[in-house]
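Next up: some structures, all given as structure tokens.
Look at the two complexes coming up: chain A is in both, with chain B in one and chain C in the other.
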Partner chain A sequence: MKRVKSSLWSILESVVAGILGLAVAGLILKAWGYSPTAAYVALVRASFTDLYGFAGALANATPLILTAITFAIGARAGLFNIGAEGQLYMGALAAIAASLFRLPAGIHLIVALVFAAVAGVLWSLVPAILRATRGVSEVISTIMFNWIGHFLALFLVANVLVDPYRGEKTISAALTSRFPILIRGTDLSYGIFLSVAFALFVYFLLWHTVVGYEMRAAGANPDAARYGGVQSRRVVVLVFALGGIAAGLAGATQSLGRPPTYAVYSGLPQIANLGFDGIGVAMIGRNHPLGIIAAAIFYGGLQAGARLMQMTAGVPLEMVRVVQGVIVLALALPELLRIFRGLGRRLWRPRSLGEGGEG
Partner chain B sequence: MTVKYLWSIFFLSLHAMVPITLTAVGEVVSETAGLFDIGLEGILLLSAFTGALGAEAGGWILGILVGIGTGLVVGLFFGLVNAYWKGNQLITGVGINLFALGFVAFGLQALGTPGFHSVPRVAQLPKVPTPVGGLSPIVFVALFLPFLIHWVLFRTRVGLWIRAVGENPEAADVAGVPVELVQLLSTAFGAALAGLAGAYMSVAWMGSVTKEIAAGRGFIALATVVFSGLNPLLTLAGGFIFGFFDSLATWISNIPGVKEVVPWQFISMTPYVVTLLVVTGVIGRVRFPKALGIPYRRE
Partner chain C sequence: MADFLLKAERIVKVYPDGTVALKGVDFEVRPGEIHGLLGENGAGKTTLTKILSGLLPATSGRILTPEGPLKLRSPRDALQRGIGMVHQHFALVDTFTALENIALGTGTEPGPGLRQRVEGLMERSGLKVPLDLPVEELSVGERQRVEILKVLSREVKVLILDEPTSVLTPVETDELFSLLRRLKADGVGIVFITHKLREVLEVTDRVTVLRGGEVVGEVRTRDTSAEELARMMVGEGVVVGRRRPLELATELPIEERRVEETGGREPALVVEGLRVLGEGGREAVRDLSFELYPGEILGIAGVEGNGQTELVEAICGLRRAEAGSVRLRGREVLGRSPVELYRLGLAHVPEDRWKYGLILSFTVAENSILGIQRTPRFKGPLAVLRWGAVARHARELIRRFSIQTPGLDAPVRSLSGGNQQKLIVGRELSKEPEVIVAAQPTRGLDIGAAEYIRELLLKMRDEGKAILLISADLDEVLELSDRVAFMYEGTFTAVARPQEIDRQKAGLYMGGIRAGEGR
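After this line comes the complex of A and B, so read on.
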């Protein structure tokens, strides 16, 4: 009962933060001379009122669920792993690299996914080892690896996996290694099932296995976990590796599941920032796999709607990330709702009766 | 010829050092008071953008002031949330970074120049001519400030308060130090320096704003703070190491033959690799305030 109540409370907090995010972003829009109402109507209408729009929302949610999981597993274990961005680049390109061989359909996709997962793990390994053995802050090491990965990815796109006929992109993923499209005419591929399944797997792992218990114990109280016999080094490496798998697969869902080209372009336009957006999604979803699925669909919907918003209301689509930033800032406020409750109490009750105080 | 060449490398490194050293020395003050701000990257980005707009509206003086002001406002917000409301410092920092990423990209797009916005030459901060090349006046500020901050932190009552608040907030509280206020002002001061660094990048150094202008410098500054062990003077060394490798890419491309052998992408990686190596090397030898990152709650 207590658990149900606390998760309801979390959901409510996220909803309030979401409203706050939209409101503050609306003020910014107004300040720049745009119409917030027109923008928001376009935003919502595009993605949440018809099937094709909603398919777009799900397509955008596909990688975000996975990169959010990367962050969330870390957060549950007390690690601030913000390295999904670089791991995702590596995963996207490794999945493309699998197209250098010929394999039968189906098997080829699986091989490509394994490549992507391994690449993600490899890219998370150095920060993991540095953290586990030398105590180097993962905040710094993962960001450095994101930048190293950024330049390595640019190099790989331009020199190694380059399309011999079109220098601005990699070779396209082989037909046999692509995710099939789920709804014709949309970007939505079977990748969404991979994302959701992985999120459910992590949910099961965290709350129904011994390993998951150790991870959460390490996050909740590192000292107590150590006394309890949890080997923190093993947990750190495991958490990073799982996160690397998730981020690598996120990259694969983009390079193997996004029509029409199924390739990565120089400058990484389709995959850049998916790792960082995942952090925001994880926070909105309160680092819970189920919350993350919902938050990713919400944010993916905003992204899908942003294109229509730009066309009809003339509002730059980057506005959506402003909304996300404000939501995360609102969630950083502890007991956000308590502040609201306190405000409400003060407004509705005479001062002399308000000494009930904040619990 | 060779001497002139060395001077130009040295000056390039000095210019690249400025944003790191300014941001890092500000963060030294914030972390000494116990607040860990990973939103520096976002502050650099935001103030580079607002600073550029300010410079275009009213010259470089206004640009620099707007940049500092932007940092200050974000820092006051960060301090309010974390010193007073005991929020989550890491999440606040990430929120600032995400917000900045969106806001600046949005702003650049709204200005009709998605991706790139250049600051007109007349609005840029002119360089001070020296016999061996021009130097931005902000370089001198960045070279001087660490000494001033070192003196304040270790030789004045204000510095004692800041250190006490980060080391043992309970004791500081009992001794009558306004813990929250000292934390708020320390982190706001640090953020204002990051704001100066951001405005320097767009108004003085590069003369343009892009979405990627910060390029991880906020996090490299955090790494520099680790390297410094909260000694303001060492932010000069840390900043210079990064500045040197940052400018490496610029001058190495002038050496004939090198570009053909080493792809530019690998040269561009070096500052990040070096930062990681340096941090790994010093870890364990530095000590941080006991209460760093832990919200202070009066019992």
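After this line comes the complex of A and C, so read on.
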């Protein structure tokens, strides 16, 4: 009962934050002489009332759910894993690399997904091991690996997986390894089911298994976790590996599931920032897998609606970005505050019981 | 010219939670004296000095200097009025040099001007510190000297030192004492907080003894003795062993009695030659040996910070030991993990229930299985958590230990301290242990809850469990224990039956005077 009550409370908090965000963004639009109502109507019409628009929102949400999970599962275990970006690049390219083999349809897709997941895990492993054995801050190491991944991806696109006829892109994914399209004429593929299923799996893992219990314990109170026999190293490696799988699969949903090209372009335009956007989505979704599904669809809708907002409400792209930023920030605020409060508590926590009142 | 530097009159301090820490305390520091402030944990020493140094406001009462009454709003305020305090936990920036640390907060550059001044100060006081090394490369003793220099460089007239020797080696302690004597000769008034009788007698001129938030005496050091101070510190009137139902063979010396009473039984826990390092690499437990038998409570009394925490953590698998052995029911267990220890029959009620005992953001049900989450009772196939079994277990604990909670799914944070502790104790007893290590099990609890936990420990003893009770509450230890050990600087100064201990002896042992040692 308590849990239901507290999640209702979170939802209410988010709704209030969202309304505040819309209001502030509306004021900004107004100040620059655009009509907030027209802009918001266009936004909602585009992504949430129209089937094709909604399909676009879901298509955008597909990778974001997974990269948000990467961050959230880390956050639940007390780790600040921001390496989804690099892991996603590796996953996207590994999935393309599977097209170098000839396999029957279906099996080929599965093999490609395994490739992507393994690549994501490999890319998360070094930060994980550094953290588990040497205590190296995962924030620093994952940022470094994002950059290494970025340039390695550029190299692979241009030199290894390059399309012999078009130098600006990789070979296209084999027909047998692509995600089937769910709604004809849209970008929405069956990848959305993979994302949602993975989120549900993580939910089950965190709240219905001993492994997840130990992960959450390690995140909520590392000392008590140690007292309770949780092996923190194992938790670190496991959390990073799961995060790597999620981010790798997120990459695959893009290179195998986004028409019309089914390839990765030089400069990584379609996949860049999906890992970072996932952090925002995770915060909006309170690092909860179910919250993340909702947050990712909302976030995807904002992106999908941007075009119509430009076209029908005449709001320039830059202003649309500002509006999106304000709304996302407002929604992420409660979780951000929680993180800062948590940091504050860690730094200024009363040293122990009893010391306060005695002399 | 007044004959005092700082005077506190009728200071009362009530904390927001209702704890009355000081009940009208008078205290005075004169120029050129070292004034000892002596008392047990919770006597109000730290609270008083925090008020004198501007860290805490007093509820009522006033602070006077020769210039008139003083209103202190912050430590900076106090420093400007010439009152400086060196805390037990240093406030230094590790990566800064000593000089930079001294400059910090003064608004002066750590440049040649300051250096000249500090060097002059070092010359006069004999307080030598390498000024250009980062503080992290300095020893603990040197860091303390940096702290003292930092305070002295603000030209203080009153220097307050909170348990300054607790982190020092004997040689460093001697150096500190000669420094204090030099400062005294310069006319500085020094407040020296301690619980160590020997040091009080060695270095102070006057002693104020606090007990339970009240001044029980102010004496000139040369007119007093360790016995008198010990008596003042712990008070009269002892309740000893009133709950021990068995008649004891008190005629025999302790070791022979042991054999008699245990009837040749094997000890449940044997600690031998244990050495454990504390924070900062200081040796916290020094070559400690003892045995714990089934059906007894061995109480460890002593002022906190004398190695009790490290001893418990080493026994319970939370801290590495440097040397020695711990045998649990015949098996060597040093270095084993908490879970392995649980399987061998050890339960641990940790001293700091918010650090180790509970995960505050978790629910009551979730906390009820911490440490036993991997037993088949709760862990199904594929590591699936059996929530049904967890809920039954939690409900059972709530019922058996009368834990007041809004429900199984309430975050444990929302429970009162007493109910949190009952949950921990209940969970640990549900492990069906043979050996129970209970560290400060009643600290911070209301009387009802504390009494409940004490009864529970006695019941466990009567059921034949071996219980190691560590408590800073002397009355509690004397009341519950079958044997009492007094811990001081990492070793036992005495092990005795509570019946053989009077207040004065207890005070002496806790203050570092060994059993059988004349003064």
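Following the convention adopted for this analysis, the second predicted complex is superposed on the first by the 304 of 359 C-alpha atoms of A that agree within 3 Å, B and C clash if a C-alpha of one lies under 4 Å from a C-alpha of the other, contacts with A are read in each partner's own complex, and residues count from 1 in each chain.
As a working rule, contacts are C-beta pairs under 8 Å (C-beta built on N, C-alpha and C of every residue); 3 or more make two chains touch, one makes a residue touch a chain.
The structure displayed is predicted, hence computed values, not measured ones.
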Applying the touch criterion given at the start, work out whether A:Ala294 contacts chain B, chain C, both or neither, answering first, second, both or neither. neither
Determine, under the contact definition given at the top, whether A:Asp223 touches first (chain B), second (chain C), both, or neither. second
Looking at the overlay, what does A:Ala38 touch: chain B (first), chain C (second), both, or neither? neither
For the three-chain arrangement built by superposition, which of chain B and chain C touches the greater number of chain A residues? B
Between chain B (first) and chain C (second), which, if any, makes contact with A:Val211: first, second, both or neither? second
Classify the contacts of A:Val16 with the two partner chains as first (chain B alone), second (chain C alone), both, or neither. neither
Could you say whether A:Leu152 touches chain B, chain C, both of them, or neither, answering first, second, both or neither? first
One more residue to check, A:Ala332. First (chain B), second (chain C), both or neither? first
Applying the document's definition of touch, where does A:Pro316 land relative to chain B and chain C: first, second, both, or neither? first
Residue overlap on chain A between the chain B contact set and the chain C contact set? none
Could you pull out which chain B residues touch chain A in their complex? 38, 81, 85-88, 90-92, 94-103, 105-107, 109-110, 114, 215-216, 219, 222-223, 226, 263, 265-266, 268-269, 272-273, 275-276, 279-280, 283-284
Within their complex, state which residues of chain A touch chain B. 28, 32, 80, 82, 130, 134-137, 139-141, 143-148, 151-152, 154-155, 158-159, 273, 276-277, 279-280, 283, 316-326, 328-334, 339
Going by the contact rule set out above, which residues of chain A touch chain C in the complex? 1-3, 207-214, 216-217, 220-221, 223-229, 351-354, 356-359
Touching residues of chain C toward chain A in the complex: what are they? 15, 17, 19, 21-22, 39, 41-49, 89, 210, 318, 337-339, 342, 348, 350-363, 366, 370-371, 373-374, 378-379, 382-385, 387, 406-407, 409-411, 417, 440, 443-444
